[in-house]
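What follows is a set of notes on a single structure, which appears directly below.
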Amino acid sequence: MSNPGGSEPSDLAETTRVETFADGVFAIAITLLVLEIKVPHVDEAHGGLWPALAALWPSYVGYVISFFTIGIMWVNHHVIFQYVRKCDRAFLFANVFFLMGIAFVPFPTAVLAEHLPDPATRNAAAVFFSAWFIVIAVMFNILWHTGISGGRLLRADVRQEGLETITRRYRIGPLSYVVTAAVAFVSAWASLTLFFVLAVFWSLSERGEK
Amino acid sequence: MSNPGGSEPSDLAETTRVETFADGVFAIAITLLVLEIKVPHVDEAHGGLWPALAALWPSYVGYVISFFTIGIMWVNHHVIFQYVRKCDRAFLFANVFFLMGIAFVPFPTAVLAEHLPDPATRNAAAVFFSAWFIVIAVMFNILWHTGISGGRLLRADVRQEGLETITRRYRIGPLSYVVTAAVAFVSAWASLTLFFVLAVFWSLSERGEK
Amino acid sequence: MSNPGGSEPSDLAETTRVETFADGVFAIAITLLVLEIKVPHVDEAHGGLWPALAALWPSYVGYVISFFTIGIMWVNHHVIFQYVRKCDRAFLFANVFFLMGIAFVPFPTAVLAEHLPDPATRNAAAVFFSAWFIVIAVMFNILWHTGISGGRLLRADVRQEGLETITRRYRIGPLSYVVTAAVAFVSAWASLTLFFVLAVFWSLSERGEK
Amino acid sequence: MSNPGGSEPSDLAETTRVETFADGVFAIAITLLVLEIKVPHVDEAHGGLWPALAALWPSYVGYVISFFTIGIMWVNHHVIFQYVRKCDRAFLFANVFFLMGIAFVPFPTAVLAEHLPDPATRNAAAVFFSAWFIVIAVMFNILWHTGISGGRLLRADVRQEGLETITRRYRIGPLSYVVTAAVAFVSAWASLTLFFVLAVFWSLSERGEK
């Protein structure tokens, strides 16, 4: 049929550019986080600069948690491309869809930082924050399944049992954020602590496999 | 003549860097969209955080539509480079010209988000939004024609009929945004809905070809 | 001596990463330009959205001129790497120095856009704008000379006469911006028009050589 | 065991993408610095535009120092990848951790620029600025040690004595910023001058080795 560009070499090339584009979005989303931290102005720092800087702790907490979580997402996004080496249009769009989730992270982070010091809205902000990561984790699972379904896009030497191990692991993602969201209804701080513990758990457990 | 850098190998290398640069601009433009969504401050959230977050729906609509549309543009930009493998200065500048259009998207998006809740200016904002995508689609066609005209920049194995199919398809782009712009004079919402339908249509139809 | 990383292969690899980093800075600087264009708010658009959007013309002028000029700088930056294929530390730092100039462009652009409608400060803003491009053009010449001096970093097949042609051409850069700066003391508009004419001239003349 | 993606080739591929991602974060952090420089508005420039632009000197100082220092960090980050050619999960996370430090730099830079003209808070701002570079330098040493420990991730032809030279050199980093921080308690200007001298020293000394 009329596919003059050829299918095989162009597909292979695409994967590289998908990764470049994704790396760009990850890098920008993660670096934009700092813009949400507002510099204390001279006239607000009459009690000294240090207390003014210390008062920004909610912004620092948001920065660290989001940075670390996006970092883990980036590492996991890499793992996909150790298996998926070609891409079709469905995978391309699943990737754009997933990146729409990642690029949005500075917003729930800023909401969290703004409302963490306020007892009235703190828990809602933490629920919103966790809820967004449920969405991202679901998008990530959609991306993974789009990549492996049919086997057309996989490397030649991938073993089925390996895919299933990963699939099971990724399924935990959305569930774990459902838990942090549920906890956030009761306590924002307990939820964020759990967020951190989960991040450490994910990084250690994945490392173990390798 | 005095072309010490050699023409053939450097031209090939250029294409890669054009793609890297374009991917950078796409990735940044798409990620900057989130900066236009303003965090509800503590003193604006006295009725609770959820209503305050819900009141930002126009920003979310703008974010999703622009993200998805830039995403499709990015996918289509890739398609060009499945055919065009070398680049001369005319193509380089056509690409810069096209990216000028893409990098501007956060502005009409922010205008749309700001004015979507306002009945007096809503339709004008949607016309402006569609109008900008007419401009981008025209720039895209210029880029495509600069790339394929003369055949000098094409891969060796490209077939003429394939180019013509693509050319016909891309010609629909500006026309479809003329329609959404026309509809926006009457109803912003109908126009945006059509925008979405067209985006889905484009992604499915292109996928069909492959 | 103690150079365990090996000199030859790592030097070659460096060039790629220098280009990637530069492309990143170019792409970001060029895309950040749009952030300087302020969305007309609903309460400012009581005369209608179209007049409010039209009133932003100085921002559009600044956006287009800076985008196009950074684009030309990016194209010229590529030309350097058609000749320079290895890099030492001096070249790395000359590149960082040059990028410091490029990354600063959104600032004089915003100054220009802010003051273009004000007769009292318009010319000063245009002088400042041109003055910054003198600085960038000088930095560009320093980068070029760092790259070609000694011949150590050049491709093997580069011919001396070709280098001299380029060197002569690049020397015009700072001079041309000195002229636009001088004209800006008298008329901001004449200066910006000249800016445009020069940009077109540069793109055409360089294309001719190839 | 269940590692279907294969360990050896994917590890090699990872290094490239780690560098791309890092280059992205460096490029964005360094380019965002300009956003902290506030354009003098028309109504603030009644004494003329030039005095208004001159009054922004603290922002320019912050921009230049941070740009140059991030630039040096970027050059040093490259040096790591002349030795480390594979990466495991520990190295990936050490890299994310280090980039968290780099991406934060626009904040202490903006704090410095805001408080440099204020005698009451100037020194504290300079201490904060130096303190952050102590943190980054420590993170950099952690990254380096994660990369070279065990030797698993190193290029085959790396010599032990070369690693030790580099290790000794990098150890000076945190110490030198401890000195600039200590000096900042007495004089912000002396501290920033020392910052500059150190930057020049680092760039010259590293160049000497090559």
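For clarity, chains are labelled A, B, C and D in written order, and residue numbers in each chain start from 1.
Rule of thumb we're sticking to: a residue touches a chain if its C-beta (ideal position, glycine included) is under 8 Å from a C-beta of that chain, and two chains touch if they have at least 3 such contacts.
Small disclaimer: the values here were computed from a predicted structure and weren't measured.
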{"item": "Farthest chain (mean CA position) relative to subunit B", "value": "D"}
{"item": "Copy pair subunit C, subunit D: interface residue numbering same or different (half cut)", "value": "different"}
{"item": "Distance between chain centroids, defined by C-alpha means - subunit B, subunit D (Å)", "value": "34"}
{"item": "Gap in Å, rounded to a whole number, between the CA centres of subunit B and subunit A", "value": "24"}
{"item": "Overlap residues in subunit B, where contacts from two or more other chains coincide", "value": "20, 24, 27-28, 32, 35"}
{"item": "Residues on subunit B engaged by subunit A in the complex (per definition of touch)", "value": "19-20, 23-24, 26-28, 30-35, 37, 39-42, 45, 48-50, 53, 63-64, 67-68, 71, 74-75, 78-79, 82-83, 155, 157-163, 165, 203, 206-207, 209-210"}
{"item": "Partner subunit B, residues of subunit A touching it in the complex", "value": "2-7, 10, 13-14, 17, 20-21, 24-25, 27-29, 32, 35-36, 88-90, 92-93, 96, 99-100, 103-104, 106-107, 110-111, 114-115, 117-118, 120-121, 124-125, 128"}
